[in-house]
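Input: structures, listed below.
Next, two complexes with chain A in common: one pairs it with chain B, the other with chain C.
Right, the complex of A and B next:
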C-alpha cells in the first residue's frame, strides 16, 4: 500500500495474535487485533474510542514494541514513511514517541516525582514548575513519592511527562479518568497546544464526549478492529452523521443522550464470528454480514467497515 | 434510619490532615444517592468507611441504628472501580460466584452473564463483563446496601449504560439502597434519587 509521506504514524491491516496454551498444553492462537487501521498527521489529535477490551491499549504497546514475547504481529506500521522495525522502535522510545500509560502504577514507586519528570536540571525544573502549575499540581508535588499522590494527581504527573518531552508522536492512553472535569479540560487544552506545535497525538479514551470536543478525528474500535474513522464534528452532530451502527450505539448510550445500551457483549478473541465482528449484535445485519468481513469504504470524508454504512 | 454516617472524621495517620471531618449522611433502602466530587475530596475513603473496610477515628457508621456486624458477610458491600483488582486472578469465574452462594440458573440471565464465562479466568473477560460478576457477587451475598465507587468510569458508554441498567433493576427488585460515587454529572442525573455535592461544602 502507498505510504503517505505527511503522516507521522500510519497503520494498515494490523493483526496481533497471542500464542496460548490450553489445559492440555496444546498451543492455540488468540487473535486480539484484526485488520486494524489508523493514521495520524503532525498537528492532529486522533481520539481512539471503543469497547473496553477492543485492543486500544494493545495498539499503543504494538507501536512502541512493548508486546510480550508470545505475541505475533502482521501488517504494516509506518513511522514517517519508514517501516517501524524493532531497532527503530528502540530508538524512538522515550525520544520520538512518548507514552502516557493507562495505569498510574507505571510510576516508579521508589523514585520521587522530581526524578521521574526531568530531575534537578535547572531548565527542566523551570519547565516542570510551569507544567505542574498549569495542571493544578501543588508546588511540593515534586518532593513526593507516588504512594503519596491521589489517583488524580498521579494521573496528572503522568500527563506532565508527555508535556515535558520533545516527542513528535504522543500516545496518551486514558489520560483523564480520576481527574475532575476542569482538570481534564486543562490537560486536553495542553494536548491541543502540543498539537499546534506540530506534534501528532493519539488520545485513547472512554470519555468520548470530551474526545468529540478536543480531537480532530475519532477512530472507533470494536473487538480489535477499526469500524469507523470520522471527523470529530460528525460525532458532535450525532448518529445521523455517523456511518457505523456501533458508533451510533456508543453515542446513544451516553448519559446525556438516551443512556440506552444495545444488548449483548463484544465477542471473545478465542471465539470471533466469521464475518463482520459486530454482526451478532447489529440491528441491521444480513446473511452477508454473517458470512463475509466487510471491506473498508470511504464515505463522506470518513472510513467505515460496514456493507451498509452510509 | 437505614445506613447512616454520624459525624464521621477520618485521617490516614494521627499527624496527617483530616480527609473527612465531621461528615454525616444517611441512606434509605431502595434509594439511590449519588456523591459528586472531584478527586482528592475523600469520596473513596467515605466508601471504605461505609462498607466497614476502615474504621472512623471519630463518629460512627450505623446500620438500622447499630454498628456494622463484625462477623459474617457484611450487609454493606463495596463494588470497586477496577474489577480486575477485585477478582482473584487464579480463580475461574464460577468459583468467584460460588463464594457468595450457590449459582442459580435464573440469576445468570438477570445479570447478563453467559454460561461460557463461568469457566474463564478474569483476564479472559472484558472490564464490563468482570464488573457484572462483581455486582452479582455483591447482590447474591444478601447485601442490603451497595456502595458503587466509580464502577463504570473505566468502561465504554454501552457497557456503562448496561451496568447501570442492571444495578438499578436488581437493586429495586431487592429493595437495596445504592450509594454511587462518580464525577460524571450527566450520569448522576440519570441514576440519582438524590445528589450530594461534596465540593460545595469545602474550598
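Right, the complex of A and C next:
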C-alpha cells in the first residue's frame, strides 16, 4: 500500500465488526464499518458528515485504539506513514492524537475542571487561563465541577483539552451542538487556528452547513463507509459539483435547498446489502450495483465510491 | 458557613425525629411478639432460681411482675419507665438492663469494629482488583470465592474455623473473650486480642464478599463510562484511572454499603458470638430470647435499632462530604 508521507492520518479499507450473541446464543459478527477510507494532512480540516449510525463516532475510538473488547478491526491506519499498532496508539494517546468528545458525560463528575485540564502545574495554569479566556470561559471555571457547567461551557472545556495538548491530530466528535451559533463559530475559528499551527483536524459532525463553511474537505459517510470525499467548495456549489448520488441527495435534503429527503433509510449493520451499500435507495442503480461493491475512484480532485459517479 | 451549620442541624433534627418514631414502632412490634411468645417468663425465672418454690411464692412473683395485667398497660408502664431512663432489670442476670447492655456492648464493639474494618478494607481491595481484571481469570476465580463465602451460613463457617484453627491446629482459643481462670482485672490487651482474632475473622468473612462484589460491579460501570474513555484518550493508564477516577467514583456506594452493613454485622455477631461463646451483645440477645427475658430483649432490640440507624445517618452525612452534587442539593 503506497503511503503519502505528507499525511498525518491515512485510513484504507477499514472495517470494524462487533461480536454479538443473537437470541439463540449464537455468535454473529455485526459489521458497523466497511471499507472506509479517509486521509488528513497537516493544516487541514476534514469534516466527516453523515447521519447518526453511519459509524462516525466509532472512527475516533478506532484511531485511538479504544474500541471495546468485542470489536475486531481490519484494514490499515497509518499515522505519519507508520502503521498504527496498539503500542504506537498507546504512545499517541495524550501525545500526538487528541480527542474532543461529544458531551459533558466525558468529564469525571467528581473532579473539578482544573484537574481535568492539566492540573495545578504553573505552566499549565497559565496556558489554561489563556485558552479559557479565548474560549470565553469565565475565570472561575476551573474551580467548578462538571455538573455546574452549562452545556455550552462544557463543550468549550472539552475543546480546551485539545487546545492545551500538543497533539498533531485532533479528532473532534460533534464539538458544536449545544453552543449558540456565535459560540460554534468561535469554536470552529479556533479549530482553524489550530490547523494554521500545522495540526490536522478531523471534525465529526452532522451540522453539515458548518462543515461546508469551515472544513477544507468533506468526507460523506453512509452506513459505515465513505461514499465520497470532496473539497468543501464543491458542497457549496451544489449537486452538480458532487460525485456520489448520496452526497447529492444529502445536499437536496438540507432546509435551505429543496428540503426533500429521498425515500428509505440507512441499512442496519446486521442487514447490509451485498453490493454498493447505497444501491437499494439509489435512483441510478443497475444490476451491477446490487452485486458488486464499487471501487474508490478519483474524479475531479475528489474520491468517490460509485460505478457511475462523475 | 452559618448556612451550612444550620443545614447540618436541621438534617440532624429531621433524622432524630425519624429515628424516634422508628424506635417507637420497633418497641411496639417487639412487645407484641414477646406477648405472643409461648415461653412463660415466670416459669423461666423460677427455673433459673434452681430451687423449688411454693405456689404462694409463685403468685407473689406474678403479682410483683404484673402478670395478668392487660398487655397495653404493661407496654405503657414499660415505656414510661424507659422515658425516665429506666430499662428495667433483667430476669436472667438479675441486674439492670442498661448495665448489661453497656458492658456487653463494649466487648461486642471490639468484635464488630475490628471485623467491620477488616471486611471493609479486604472487600474494597478485592473488589477493586476484580474490577480491574474484569472478565479475566482472577476476577472469575475471586467471584466464585465470594459467592461461596456469602452463601455459607456464619455459624457453620465459625464451626469450621473453630475446628481447624482451634481444635486441630491449636493456634487460637476455642472461645470466650479472655483466658479461663484469670481474673477480669488481670487480662492483658494481648490476651483479649488473641481471643478476638477468630470471631472477628469469621464475621468479616461473612460480610466482605458482599462489599467486594458491589465494589467490583461499580468499578466495572465506572471503567466502561465515557469519562474513563476520555481519560484513556488523554493517555491515562490503568492505574492512573483507578487512582484518579475509579476510587473517587466508587467511594460513595462503598461508604453506603459499609455503613448499612451495621445491620448485617449485628445479625452476624449473634451467630459468631454464640459459636465462639464470646460474651457480647449477640450472645446476650440469644440468651434473653431463649429465656424470655423481656426487659433485656426489648432493651437490646431498641439499642440495636439505634445502632443501625446511627450507622445509616453517618452514611448520609458522609455523602455530602464526598459528593459535591449532594452537597449542592443539601445546601
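As a working rule, the second predicted complex is superposed on the first by the 310 of 310 C-alpha atoms of A that agree within 3 Å, B and C clash if a C-alpha of one lies under 4 Å from a C-alpha of the other, contacts with A are read in each partner's own complex, and residues count from 1 in each chain.
Everything below uses one rule, namely that a contact is a pair of C-beta atoms (placed from the backbone, for glycine too) under 8 Å apart; a residue touches a chain by one contact, two chains touch by 3 or more.
Here the structure is a predicted model, which is why all the values come from computation and not from measurement.
Asks: Considering only touches as defined above, state whether A:101 meets chain B (first), chain C (second), both or neither.
Replies: second
Asks: I'd like to know which partner A:109 touches here: chain B for first, chain C for second, both or neither.
Replies: Only chain C is touched by A:109; chain B is not.
Asks: Going by the contact rule set out at the top, does A:93 touch chain B (first), chain C (second), both, or neither?
Replies: Touch status of A:93: second partner only.
Asks: With both complexes overlaid on chain A, does A:181 touch chain B (first), chain C (second), both or neither?
Replies: After superposition on chain A, A:181 lies in contact with chain B alone.
Asks: Name the contact category of A:82: first (chain B only), second (chain C only), both, or neither.
Replies: In the superposition, A:82 touches no partner, neither chain B nor chain C.
Asks: Comparing chain B against chain C, which has contacts with more of the residues in chain A?
Replies: Touching more of chain A: B.
Asks: Scan A:64 for contacts with chain B and chain C and give back first, second, both or neither.
Replies: second
Asks: Touching A:147, do we find chain B (first), chain C (second), both, or neither?
Replies: Touch partner of A:147: chain C, not chain B.
Asks: Quick check on my understanding: which residues of chain A belong to both its chain B contact set and its chain C contact set?
Replies: No residue sits in both footprints.
Asks: Chain B touches which residues of chain A in the complex?
Replies: So the residues of chain A in touch with chain B come to 49-54, 150-153, 174, 177-183, 206, 208-209, 249-251, 253-256, 259-263, 265-266, 268, 270-271.
Asks: Quick one: in the complex, what on chain C touches chain A?
Replies: For chain C paired with chain A, touching residues are 135, 225-227, 229-236, 244-245, 248-249, 322-325, 328.
Asks: Where on chain A is chain C touching in the complex?
Replies: Spelled out, the residues of chain A in touch with chain C are 61, 64, 66, 69, 93-95, 98-99, 101, 103, 105-111, 115, 145, 147-148, 161, 165.
Asks: Which part of chain B faces chain A closely enough to touch in the complex?
Replies: Against chain A, chain B makes touches at 38-40, 112, 114, 116, 120, 124-129, 153-162, 164-165, 183-187, 189-190.
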